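Input: a single structure, listed below in C-alpha cells.
For clarity, chains are labelled A, B, C, D, E and F in written order, and residue numbers in each chain start from 1.
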Amino acid sequence: MKYIIAIIKPHRLEHVREALAAIGIEGMTVSEVKGHGRQKGHTEVYRGAEYVVNFLPKVKIEVATTEDMLDKALDAIREAAQTGQIGDGKIFVLPIEKTIRVRTGETDHDAL
Amino acid sequence: MTRNPFRYFGAALAATTVLVVGSGVAMAEEAVPFDTQVRFIFNTLNFLLMGFLVMWMAAGFAMLEAGLVRSKNVSMQLTKNVALYSIAGIMFWLIGYNLMYTGVGDGYFGTPMPVSIPDPAAEAKGLSAEGATMYAAASDWFFQMVFCATTASIVSGTLAERIKLWPFLLFTVVLTGVIYPIVGSWEWGGGWLDKEYGFSDFAGSTLVHSTGGWAALAGALVLGPRLGKYGKDGSVHPIPGSNMALATLGTFILWLGWFGFNGGSQLAMDSAENVSAIARIFVNTNAAAAAGAVTALILTQLVYRKVDITMVLNGALAGLVSITAEPLAPSLPWAVFVGAIGGVIVMVVVPLLDKLKIDDVVGAIPVHLIAGIWGTMIVPASNSGASFLGQFVGVVAVGVFVFTVSLVIWFILKATIGIRVSEEEEIMGLDAAEIGVEAYPEFGKGSQAI
Amino acid sequence: MTRNPFRYFGAALAATTVLVVGSGVAMAEEAVPFDTQVRFIFNTLNFLLMGFLVMWMAAGFAMLEAGLVRSKNVSMQLTKNVALYSIAGIMFWLIGYNLMYTGVGDGYFGTPMPVSIPDPAAEAKGLSAEGATMYAAASDWFFQMVFCATTASIVSGTLAERIKLWPFLLFTVVLTGVIYPIVGSWEWGGGWLDKEYGFSDFAGSTLVHSTGGWAALAGALVLGPRLGKYGKDGSVHPIPGSNMALATLGTFILWLGWFGFNGGSQLAMDSAENVSAIARIFVNTNAAAAAGAVTALILTQLVYRKVDITMVLNGALAGLVSITAEPLAPSLPWAVFVGAIGGVIVMVVVPLLDKLKIDDVVGAIPVHLIAGIWGTMIVPASNSGASFLGQFVGVVAVGVFVFTVSLVIWFILKATIGIRVSEEEEIMGLDAAEIGVEAYPEFGKGSQAI
Amino acid sequence: MTRNPFRYFGAALAATTVLVVGSGVAMAEEAVPFDTQVRFIFNTLNFLLMGFLVMWMAAGFAMLEAGLVRSKNVSMQLTKNVALYSIAGIMFWLIGYNLMYTGVGDGYFGTPMPVSIPDPAAEAKGLSAEGATMYAAASDWFFQMVFCATTASIVSGTLAERIKLWPFLLFTVVLTGVIYPIVGSWEWGGGWLDKEYGFSDFAGSTLVHSTGGWAALAGALVLGPRLGKYGKDGSVHPIPGSNMALATLGTFILWLGWFGFNGGSQLAMDSAENVSAIARIFVNTNAAAAAGAVTALILTQLVYRKVDITMVLNGALAGLVSITAEPLAPSLPWAVFVGAIGGVIVMVVVPLLDKLKIDDVVGAIPVHLIAGIWGTMIVPASNSGASFLGQFVGVVAVGVFVFTVSLVIWFILKATIGIRVSEEEEIMGLDAAEIGVEAYPEFGKGSQAI
Amino acid sequence: MKYIIAIIKPHRLEHVREALAAIGIEGMTVSEVKGHGRQKGHTEVYRGAEYVVNFLPKVKIEVATTEDMLDKALDAIREAAQTGQIGDGKIFVLPIEKTIRVRTGETDHDAL
Amino acid sequence: MKYIIAIIKPHRLEHVREALAAIGIEGMTVSEVKGHGRQKGHTEVYRGAEYVVNFLPKVKIEVATTEDMLDKALDAIREAAQTGQIGDGKIFVLPIEKTIRVRTGETDHDAL
C-alpha cells in the first residue's frame, strides 16, 4: 500500500476530489497547509512598512491506496490539480506498512 | 474656555437675563420667546438624536456585510462601508442636499451647490422673524445626509466579493451626489411626484431603500455572479458567509438605527401630537421587524427543516423596510402584517434571484428593493391620504430612473476602468488584491496562521 | 409628502398659530397649554430614549452569549436572541402588557388582551382632559416591552449549547406573555406586593433579573449539564467560550443599555427633580458596574493568580443588577459598595454552581438571580421607604412563583416535544443540528475551512 | 412602587398643581418657574445623552484595540479596556473631579476630594436660588468622567502586546486621578491656562487627546518595542492586527461617540443658539472624520498602491481629533480641511514613528497626540477668540507636564514592579501569561483547536 | 521505528491520548484535518440553496514509536478511537528511517 | 528521496526557513499542529475551575529532499530550531518512493 501526499492549490481541491471519485477512490484526508517553493511570496504593505508573505495557502491531500490503483490515482490528482502556473504543487508517494480501519479492525486492503 | 461647574452658571444667568429682559421693553424686538426656542430645541434634538441613530446604521451595514462575505473579502467590505459613509457626507454637502431641496419647485431636481451652515447666534436670532424654520439647519442637513449614506450602503452588499474598490466608490459618488438627491427631490423636495401624484413615502421605502436596491440590481446584472456561484447546469452553489455573529450584530444595529430612521422622519418633536406620533412609529417599526423575523423563522423551519439565521436576519430587515413607507398610520396588528409579508418576500425572492442567476451576496434586493416596493404599495391600505395610483407611479418612476441611470453608469465604468477584479484576484480574495490587509490574518488561510 | 427645509416651516407656523389662537378666545377649550405639551414631550422622550437603550441590550445579550459558547453553537445562540426579542415584542402586545397593567387592582394579575396604540392627534387633544397621562401610551408600551425582552434574554444564556430551539422559544412565549407580566403586575402593576407589602424594586432587580434567573435555574435543572462538563468523580471541566471580544462587546452594550434601564425607570423627565434623579441614577449605575468589575478583577488575581476576563465581565454585570433595585437613593460610595458585593457574588456563586453540577454557561444565575436578590434585599439600607420584610416577601414570592411555574413548563416541554438535543447533535453542535448555518465556516472545524 | 400607566398620572397631576399653585400666592417663594426647569432639563439631558455616547467610546477603543493586536493578546487588551473605564469612574469620583474643578482659582490644580451627588429634590428646589447651576450636578460629573476615561483609553492601545496588566492599571489610576485632572484644571477648571493665556480647546484635542498621547509616548519609550518589530538592520517588521472587523466596528463606535464628545462640550442645550451650535458641531465633526478617512484612502492608494484599511480608520479618527479643539467655529469646508490634514498626519507619522523605533501598536500617537496638536494650533484660524501664542503655550505646557510626569511614573513602575512581561511570556502571548483566558480558543493556535 | 498516522473522530482524541499514556506513550503530534470516505457528508441549505458538505472534521494523530511498542500502540489507538459508527477513521503505519530530538541531537530510540 | 517531518516551536519557523534557504532548499510545506510530549501542558483556571492544556502549539515542516542533501538539511533544521528548552521538537525522516511536480509532471529529482 502507498501513502500519497499531494500539495495542491486550494481551489483545485474540488476537482481533485471529483477526479479521484471518478476512478473509484473515495477515501482521503485533507488539511490546510502553507507552502514555500519556487512560487514566490508577495510583498505587502501594512501601516507603511513592507513585509513579505513567504508562505502561501495550499491544501494537502493524503490518500492511502493500493499498488494497483497508484498510477491511476497519481494521474488523476496531477491532471485535476494542474493549472500550469507555478506553485501547482507536488505529489509524494510513501510506503505504507500497515493499514487498519478503526471501526472494524480490518487491515490493509480491506481497511480502505 | 472654562468648563467647570461654574462656567455655565454665568452663561445661564446671562441668558436668563436676556430672556427676562427680552420680554420687557428695550430689547423686545430682538428676543425670541422661550416657547419658540423650546420648540426649536425639540425639533433640532429630534434630528440630532434620530440622526445619530441612523448614522449608526452605517456600522450596521458594515457588520452585516462583513459577516456575510467570505473571510478573504472582509477587509474590502469594511473599507467600502467606511468609505461610502465618508463620501456620502462629502457629496451631500457639495451638491446633494441642495440638488434635492433647493429650488425644486414642483419639478425634477434642485440646484446643485454646496450647503452652508448658518451661524448659531444668527440662526437663533432669526427665529423671531416670520417664516423662520423651527429647527437648526445643520441638524436637518445631518439627518438628511445619513439617509443619503444609507442608500449607498445598500448597494455595497449586493456587489460584494467581486467588484473593484474604486469603480464602486465612483458609483457611490454619483449615487450620493446625483441619483439619490434627484429622486429625493421629486418627493421630499416637493417635486412633481409629491405635487402631482400625492406619492406617500414616509421614511423612504422607495426613495431610500428601493433606490439603493435598483442601483444594486443594475450593478449585479452588469457585474455578473461570483465565480462558482452558479453551475453550468443551473445548479446553485451557496457560498456561506464567514461570521454570523457580525451579521447578527449588524442586524441589531440596523434595527436600533431604524427607530431613528422612521421616528425621526416625523421631522418634528415640538408638540404632544408629534412626539406621540414618534412613539407610535417606534412601536410599529419594532412590530414589523419582529413579525418579519418570526415569519422567516417559521418558514425556514417549515420549508427547509432548519432555521436559516441569515434568512431570519433578512426577515427582520425586510419587515423594517416594509413598514418604512408608512410607519405611523398602521395599527399595531397591521404593522405586524406588513412586516410579516416582508419575511415572506425574503423567503420567496432569495431563491428566485438565484434562479435568475442574479448574485446578491447579502440579500439586499429582496430586503430593500422588493420589500420596499411592497411597503410603498400597501400604504393606501392604512393611510387614506395616499392613492394606489400615486404609489404606483412613484414606484415605477423611481425604478425606471434609478435602474436606467445606474445601468448606464455601471456600463460606462465597465467599459472604461473596468468594474470587476480578475479571476485570479477573485480567487485570492479582494483583501489581498486591493486592500493588502487581511481581515483575520491568523485564522483559516491567513498569512500569519502558522 | 415633502420633507424639505420649508415643509416644516408651514407646519410650524400653523402650529404656532393654533397655540397662540388657542390661548385666545374661540378655540380656548380645545388647546392644550404648551407647558403641558412640553411635559408630555419630555416624558415621552424619556421612554423612547431610555427605551432604545434597553432595546440595544438585546444585542448585548446576543454578543455576550455568542462569545461565551463554543463556536459550534454560536449561530444557535444568535438565532435564539433575535427570536426571543421578536417574540417578546409580539407577546407583550398580544397579552403581556394588559395582563401586567390593566385591571390589576391590588390583585394578582390583569386582563390579558391586546394593546392598542392611540391616535396621536386624539392623544394630544386628550391632554387637556383631567387625569390625562402625561406621556404617549406608545412610548410607555415600548419601554415596558424592552424590559420584558430582557427577562427572556437572561434565560437563553444559562441553557446554551444543549437546548433545542423550539422548546426554548415556546418557553419564551409563556415567559414573556404570562410569567413576567404576572410577576410584574404584583408590583409595577400596582398589585398585592405593592399595595400590601410596599415592596420596592426600582428598575427590576427582582421583577426582571431574578425572574429571568429563576426561569433559567429551573431550566438548567430540568435540562442537565452539557456533556463533559462534570466528571463522574465530581471534577469540573471548563468549556471555554469561543470569542472574548464578542463577550466584552456584549458587556459594554449592556452597560450602556443599563443607563436606559435604570434611568428610564424614573418614568418621568418633566421636572428638574426628575431629570436630576435620572442623572443621579446614571452615576450610581456606573459606579456599581465599575465596582463590580474592579472587585472581580482584584479577586480573580488574588485567588487564581490570573485575571479571568469572563469573571470581570460578570462582575460588572452583577454590579449593574445589584444597583437596579435602588439606583436612586444610594450615595455614590454606597453604590460602589452595593456593586462591589455584586462582584463578590460572582466570585462565590460561579464555582458553587459547579459544585452543585448546575451548568450555567454564561453565569446568568449569579449575575441576575443572586445579585438580583442581593440588590433587592439591600434596598432598605438606603431607601427608608422600603422594609426588610417587604423586600423579603417580594423576593420569596417571585422566586416561588417563577421557579415553580417554570419548572412545570420545562417538565411539560420535556415530556412532550423534548427539550434537549441528542448526544450526537450536542457533539456535532447545535448549529449543524438545528440551524444549518455555521457561525464561522472558514475557521477551526468549519466546513469551508480547507 | 407602581409603574403602571396610571401611576404617573397621579404624579403628573400633583406636579401640575404645584406649579399652578406655585405661581399663585402661598407657595410662591418655593416654586421654581417651569421655564427654568425646562432649561435645567435640556442642559441635563445634553450631558446625559452626550455622556452616554462618550461612554460608548470605551467600547470603541476596546474593539479597535482588540482588532489591531494579535489574537494571543486580545483578552488582555479587552481586560485593560474594561478595567480602565472602571478605574476612571472610581478615581474621578474619589479625587479627580474636584482636583480638576473645585478651588482651582486661576491656579494649577484644585482640591482632591470625593464628589458627592446632591439630592434631586434639594437640587431642584435650589434652582430658584440665585446663581444656581442650570443642570444636574450628577449629569455634569458623568459627562466629565467619560472624558477622563477616554484619556486613559488612548494609552492602552500604544502599549499593547508587551505591558503587564497591573503596572498599566496603576498608571491608569494616576492618570485618571491626578494627571488628567491637573491638566484639565488649567483650562476647563478655569486655571492659569484659561485665565492667563486664553487657551482654547473646545472639547479636548489637547486636554484629552494629547494628554493621552503624551502619556502613551512616554510609556512606549520606557517600555520599548515589541519583540521582532524592528530588525537590527533598522528594518521594520509589521505585525498585522488580528481582526479588521473589530477594528472597523471600534472606529464606527468612536465616530458615533464623538458626536457626544464634541456636541456635548457645548455644555448647554437650553436655548435655540445652543442647540443650533450643537447641530453645527455634529456637522463639522462628521465632515472632519469623513475628510480624514477619504484622505487616507486616497493617499494609501497613491503611495502604497493598495488601500490600507487600518490607515483609513486611523485617518477618520485623526480627522475627529483634529476638529475636537474647535468643532463649532469652522465653516463646513474648513472642517473638511482640518480633518483632511488629520489624514495626512497619519500617513506621515505612522512610518516616522517606525523609523524612530517607537512602537505604537494602534497608531494612537499620530491620531491623538499629533493630530491633537494640529487641531489645537489651527484653532485661531477659525476662532478669533484664540491666539496662536495661547495655543502654543497650552500645547507645550500640557506636553511638558504630562510627558515628564508620565516618564517618571513609568520609570518608577519599571524600577519597582517592572512593566514588561518576560520574553517567553511575550512570545506565548499575554492572554496565556496574565489573563488565562484565550480570546479565540478554537481558532488558530488556540488551546481548544483540535 | 514506525510512524503511526491515525485519522479519528475529534471527540475521541482525549480517549486516545489517555490510552496511549496508559501504555507509556506520551509523545504525539495532532492536527485538525478534514476527512472524506464511506461516511457521507450531509446536505445543508443556505439561503434557499442546497449544498453538500463533503469533508467532515477529523483529527490526525501522528506518533513515532519503536517496533516493540507498535502493536500495543495500534491497539490502544484503535480501541480508544472506536465508536463502531461509520467514519471512525483509519490508522496507517509508515517506516521511519531516522529520528532526531531537536533539543539534544539524540537520534532514533533515544530521541523519543 | 527522503521526506523530512520536523515538529518545532512556532517562533523558530522563520529561522528554519532561512537556514534551509542558506543551503539551497526552498521547497517546504508547513502547518499548524499541536504537540504532546515531555514538555508538560499548563494548568489554567476558567471561571473558577481548573483545566489542563495538554497540547501545545507547534509547527510541522515537511521537506522532501534528495539523499545527498539530507544530512545538511537535518543539521540546518536542528540548529535553527534548537532553543535548548524542553519541547524543541523532533525530526523524522521517512522514505519517499516517488515525487511528482504537478505543473510539469516531472518526477523525482527533477520534481523538487
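Everything below uses one rule, namely that a residue touches a chain if its C-beta (ideal position, glycine included) is under 8 Å from a C-beta of that chain, and two chains touch if they have at least 3 such contacts.
Treat the numbers as computed from the prediction; the structure is a model and nothing was measured.
J.: Enter the minimum step count from subunit A to subunit D; a value of 1 means the two chains touch.
T.: 1
J.: Between subunit B and subunit F, which partner chains are common?
T.: A, C, D, E
J.: Applying the document's contact definition, name the chain pair with more C-beta pairs in contact, D-E or D-F.
T.: Counting C-beta pairs in contact for D-E and D-F gives the edge to D-F.
J.: Roughly how many whole angstrom separate the Cα centroids of subunit A and subunit C?
T.: Here subunit A and subunit C have centroids separated by 52 Å.
J.: In angstrom, rounded to a whole number, how far apart do the mean CA points of subunit A and subunit E lie?
T.: Taking the average C-alpha coordinate of subunit A and of subunit E, the gap between them is 18 Å.
J.: When the centre of a chain is set as the mean of its C-alpha atoms, what distance in Å lies between subunit C and subunit E?
T.: Roughly 47 Å separates the two chain centres.
J.: Please report how many Å separate the Cα centroid of subunit B from that of subunit C, as a whole number.
T.: 29
J.: Would you please write down the residue numbers of subunit C that are in contact with two or more other chains?
T.: Residue numbers touching two or more other chains: 36, 38, 49, 137, 240, 243, 249, 304, 306, 308, 310, 436-437, 440, 443-445, 447, 449-450.
J.: If I count partner chains per residue in subunit F, which residues reach a count of at least 2?
T.: 10, 30-32, 34, 44-46, 55, 94-95
J.: Looking at which chains touch which, would you call it a line, ring, star, complete or other?
T.: complete
J.: Using the touch definition from the top, list the residues of subunit C that touch subunit B in their complex.
T.: 1-9, 11-13, 15-16, 19, 32, 34, 36-38, 40-41, 44-45, 47-49, 51-52, 55-56, 58-59, 62-63, 66-67, 74-75, 78-79, 81-83, 85-87, 89-90, 93, 114-118, 120-121, 123-124, 127, 136-139, 141-142, 145, 165-166, 243, 246, 249, 434-444, 447-449
J.: Quick one: which bits of subunit B touch subunit A in the complex? Just the residue numbers, please.
T.: Touch list, subunit B to subunit A: 427, 432, 436-437, 444-445, 447, 449-450.
J.: So in the complex, the part of subunit C that touches subunit F is made up of which residues?
T.: It is residues 236-238, 240, 304, 306, 308, 310-311, 347, 350-351, 354, 363 of subunit C that touch subunit F.
J.: Which part of subunit B faces subunit F closely enough to touch in the complex?
T.: Touch list, subunit B to subunit F: 449-450.
J.: Of all residues in subunit A, which touch subunit E in the complex?
T.: Listed in rising order, the residues are 3, 17, 26-31, 62, 64, 94-103, 105, 111-112.
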